[in-house]
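Next, two complexes with subunit A in common: one pairs it with subunit B, the other with subunit C.
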Partner chain A sequence: MDGLIMQILEGAFALPVILYTTVGIFLGITVGAIPGLSGDMAIALLLPLTYKVSPAAALGMLMGIYKGSMFGGSISAISFGVPGTPAAAATVEDGYPAKLGGHPKQAMLTALYSSVTGDLISTLLLVFVAVPMAKAALHFGPVEFFALYVFALMMISLLVVGEMKKGIAAAAIGLFIGTIGMDPMMGSIRLTFGISSLRGGIPLIPLLVGVFAVSELMIQFGKECSARSEKRVAEDAAKAAELTDYDPTKDRMSLKIYWSTFKATLIGSGMGTFIGALPGAGSSLAAYMSYGLARKMSRRPEEFGKGTLEGVAAPEAGNSATAGASLIPLFAFGIPGSATAALFGAALIMQGINPGPMMIEENKVIIYTLFVIIIYATFINLFLSYGLIPLYAKLARIKACYLVPTVFALALLGTFASRNSLFDVWVLLAAGVLGIYLRKNEFPLGPLVLGFIVGPGAEKALRQALLMGRGEWTFLLKSPIALSFYALCILSLLLIHFSVKKKLVEED
Partner chain B sequence: MDMEKIPETRGKTGRLNPNKFSGMLLMAAAVFFYSFTLTGKWSSGAGIGAKLFPQLSLVTTFLSGAAIFFSRGENNREKYGDLTPLRIFLFMGSAVLFVLAVLKLGLAAGTFLYLTAIFSHFRKEGGLLKKVILPAVGITFFIWALFTYFAQIVMPPALLF
Partner chain C sequence: MMTQKKALLVAAVLLMAFSFGTIAEGAEFPKAKQIRMVVPYGAGGGVDISTRILATHAQDILGQRIDVVCMPAAGGQEGINFVLQQPRDGYTLLVTDYGPLVTTALTEEVNYDLTDWVPLVQITEVVPTFFVLSESPLKDVADWVKTAKDKPESLTVAHGRHLSVPHLPLILFEKTAGLKNTHVPTTGGSEALAFVLGKKVDVGASVPSTIASTVKAGTVRPLAVCSLERVATLPETPTMKELGYDVVLPAWYTVFAPKGVPEETLRVLEEKFIEALNSDGAKEMAAKSNVLLTPYGRDKTAGLYEGTISSLKTILSDVTK
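On to the complex of A and B.
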């Protein structure tokens, strides 16, 4: 036992691991602070570059990016009223008015402290919940696993921001793309269209980078072509300059101020952890729900939207609390809970670690090392962000005309270099076009990627279950655990259907 | 019949409603790919079991496409109005040329040429050296160092470096 602990600590506190984690956090805050770039995009871009790095360092860096980007998004949200990431959109509601009201430092530090608190709570939950859940999942057979996959896919499609049917369609497209190539049971070739490179299936990294990063870069490119982004940044800078009567003595942060927002932070942390642990519900939803709940439970709800620090603390704690919690389904069942967790799952696979109930048992040292890294990364995030806030606030003004080609070049080179394959570049570009079409038509991208990643596992579970049941579909309903997952699916579907219907009636 | 409940096929501009188009596209794609699972073309040796999951996902795609087609919602395409097909083509074309340049000329040379071309395209005013050449050199060096030293990735041999 002592030997194991020593191994874990040595792995977690090795200098390269600390350095890579710190670099990851730095990059995360940087991309978070720049509107148009996101943590998902940075993780997708850096995935191919982590092939040759040790698992602890690679995973620490990617986790650092995720954590850093959560807070980073709030910097431009508070400074310019432009959310750096979609998850920081709710922070604008009170963060920007707080800044205009003469409290930029208080707003920024409230965002940082609540973000770190939410992240820490969620991380501790991950550490203490994932292991027992994975142990329970060891008793699952193909029938239970298939039901769990159905539940995860259902939640992924239902909880997206926007239309539910588009979420389901995106997940179905992802599932279909995942079936191209060899089938997971017999190894027979499917839907390759005579292209020999497709026999191994659609490669994961080009698909992820294309769907997430290239489509976003194309949007930025389109904006730059219209020369709107420059105008918008200038407008934002002009608005920021309106703060002329700023008095630093009235903008000091104190423990008392932090304490006054603590209730909102706890509400956000709880909501973010809960939402984050649900497959499919992302950090944006967590931030908005935390903001709404904190307003409802506040003693001064009328101050929300006018620059109250509670309105900054709740969404920031909420979006950061999804970081650790979204990894719970991945670590316990091998099912990624969010697009970011899916990228993290891809990184684990690249490092030779297969996500699933056996993952923790088979890779005890590396997984516990990762838990330690995730915890201390929270504190590195705190200190790094605290020191560099003034510098980061200027990053949002970097012109897109320099940013877009640079990031695009990195995406192309990284994808090509990961396997020295031109085919991967064509997949990346095709995935980019698919991503842009889906974005333009308001289809969520998360379900597509998750469908692609969980598809092979779901197919294997289904076919194993059908083999065990000798082709009888009713065999899928013979397990009480599976039945309870299907019941949860129906219940969630009904709940969401009626809540949407109620909303539409109210709007009419 | 309540006329308000009939979904509009065309938007205010007279163009096909994007939701209708997406729904139709999904249904057509689902039928197209489903036909290959029936004929066995491009799916050599795939038995009933191997066809099952692709067929299930395609049926789901078709049904969700139908639901989108008949939905009353109309999405806001103007959100990404800046992104015209020509711009997408330009963006993708530049990517293809960039990759070919890297393969033929080398990582640093290809990256520099690509960045110089894009920065020149966006340059509205100011000197060529300050706004184009220097940023391109700086970013090229960053990318070259990142790939060569940080990630230690070996690129295929090319004409230059």
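On to the complex of A and C.
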């Protein structure tokens, strides 16, 4: 036994392994921070390299990229209001207002600490209770997934900051965009108007980067260029002056702040681990659901959307908690829970390790070595990111006339590179125009993305369930898990109904 | 005098440089530029991994860099069209299974004809496999056939996407055995496996690599494979053919050149690719990645390509009816 432990520690703390892991985390933070480039892409690109190094080093690096990118995405979300990765879209809701409110450092450090906390919690769960958790996840069939997605759509009502009807309209637009392309069951082509590039559907990354990033960049650029909006320029100058006057003493991070967001962090960690362990749900959904739930359970829900740090902590813990959790079904049954887990599975297979129930038994040393690496990678991520934050925070103070074209070029490049597709670039630009329209008319963007993510999944689950239930709709209610989700939905509807009524009474 | 000599020398050097340039331009294949192998799937998938095994070892043998380019957009059609748009010089090749290339061409409108492609070298073959949970009352294919015949459509079968590599043999099997099941399309083998493990469906259809570890652990029982011979990773599992059902529909991962590439170039590519796939390095890398290399040359590959097209036409004519 002692020999085994020594072997594991020796493997995990070998210098090359630590170096590869650190390089992976650095790469992850960087690609995460660049809109359009995502951790998945970096992992896919580096996959062939993993043939050439030892399993521990290869897996450490890939895991590092995932962890790094989960935090990295929040850097651009907070600094420019442009999510670096799909998973960080929810972080924009409060991260960007927090930065504008003069607290970029607090927001970033909150994001970092809750990221690391969420990651650590889900990693420990992966190490210690992977098998029972995966067994529980297997109870999620189409019936349960459909109920979960219905609940997720209900969450939209919790996300909306401004007018409820605008939020619902935005979600409907997202749902609609999600129906374009091949239908998930019979492969019939919908709403492509004969454009063959649309048959695969609208891709997520270009849509997301377009709606969030391109629109924001174009608006900022428009302000910069337009001579007519002198008033705006003056406003911006005032804002810029504010930022140059930026008072670091008022922006100190403290343990007190960490504790004040701890509840949100825990909500995010729980939600992220849960969603992450479900095959196919994904980190963006986890982030949004964490945000919605944290807002609902917060003592000050009215602060959400205005730059509260709780609104940064919840989605960041949520998306990072999927890192460990998405490996749970992979390790227990060989079922990858996300695109990243699938890539990670491919890397394991290339190393001659078959993910699945026999994996740990057959590869004790390497798997436990990997567990140790995953845990210490969390701390490397913490220190490395801590060191990099001052650097990245400075980025936010670069003049818009330099920053906007640079970020724009990176977004174009990243979008093209993710699938080598020029069509995706057009989607990006079109989504940018849509984003400008929505922003100008004060439609919230979060519900749109959530609708787009949830729609196709919900449709697939519903149709699978109906096939299994031989077309009987009552089949949808024959699962206690599903029933409890529906009960939660009804409960939140009632809560919203009464809170709206109360508000109306108060206004009268 | 000296300067004149120098000038001459410079001129000579320049001339030589230019002439090297021209040699490079019309150089023997593959000296001119790097080779691109386009994969109509995302990175990390089965086709991508197999392609990288070939590319890694073929570039040393060919003496030219090979880039693997993943172009999954529009269900793979973007990658396929990209290859068709490039000059037909053998520097841009396509590596795919029959899904995006053949099935799509037979069910939808595409920009090419199936005769526009020259199958060059087969890298590997994946075999559709039917499986159940170990505790399932269906012990073997005979049980499956009996239950499905007694109560048509009472059994649910989860396969990958509609008309995907595991779905077509299912249709063929039902046709051959004269039975009907309820088909549940999923996003792929892992979802099908999850549904079987979670007892959401009765039977799953996928490929051996998806279920290998659960089979080893004894939680999943493979019923049959749809190839001519048994699969090395599942030696106990009978083929459908052995059981008396003519369901042989393995999916090849094959390198294609667009029609019009010079014969000499095709010959070089075929020879070097086969050499690369037979190298020890490739074999070792393939064994690590659970890929069983089947390096077939042009003659055999062309036959398999034709064969797949005609079986697919038969199966699909029933489905689309």
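Heads up, the rule we're going with is that the second predicted complex is superposed on the first by the 276 of 508 C-alpha atoms of A that agree within 3 Å, B and C clash if a C-alpha of one lies under 4 Å from a C-alpha of the other, contacts with A are read in each partner's own complex, and residues count from 1 in each chain.
One rule holds in what follows: contacts are C-beta pairs under 8 Å (C-beta built on N, C-alpha and C of every residue); 3 or more make two chains touch, one makes a residue touch a chain.
Because the structure is a prediction, the values reported are computed rather than measured.
Using the contact criterion defined above for the overlaid structures, shared-chain residue A:252 touches neither subunit B nor subunit C, since it reaches no partner. In the superposition on chain A, contact of A:497 is made with neither subunit B nor subunit C.
Contact with neither subunit B nor subunit C is seen for A:296 once the two complexes are overlaid on the shared chain. Within the superposed three-chain model, A:432 lies in touch with subunit B and out of touch with subunit C [touch as defined at top]. Of the two partner chains, subunit C is the only one touched by A:464; subunit B is not.
Once the two complexes are laid over each other on the shared chain, residue contacts for A:478 go to neither subunit B nor subunit C. In the superposition on chain A, contact of A:306 is made with neither subunit B nor subunit C.
By the document's definition of touching, of the two partners only subunit B reaches A:163; subunit C does not. In the superposed model, A:354 makes contact with subunit C only, not with subunit B. Counting contacts as defined above, subunit A residues 48, 51, 185-186, 189, 420 meet subunit B in one complex and subunit C in the other.
Here subunit A touches subunit C in the complex through residues 43-45, 47-48, 51, 138-142, 182, 184-187, 189, 196-200, 203, 279-280, 329, 333-336, 342-343, 346, 349-352, 354-359, 419-421, 423-424, 460, 464, 467-468, 470, going by the rule given at the top.
Residues of subunit C that touch subunit A in their complex: 42-45, 49, 52, 56, 68-75, 77-79, 107-111, 153, 156, 161-163, 182-187, 190-191, 193-195, 197-198, 200-201, 209-214, 216-217, 219, 285, 287-290. Within the complex formed with subunit B, the residues of subunit A that make contact are 48-49, 51-52, 163, 165-166, 168-169, 171-173, 175-176, 179, 183, 185-186, 188-194, 217-219, 221-228, 401-402, 405-406, 408-410, 412-413, 416-417, 420, 422, 425, 429, 432-433, 436, 439-443, 451, 455, 458-459, 462-463, 466.
Across the complex, subunit A is touched by residues 18-19, 22, 26, 33, 36-37, 42-47, 49-54, 56-58, 60-61, 64-65, 67-68, 71, 73, 75-77, 79-80, 82-84, 87-88, 91-92, 95-96, 98-99, 102-103, 107, 111, 114-115, 118-119, 122, 124, 135, 139, 143, 146-147, 150-153, 155-156 of subunit B.
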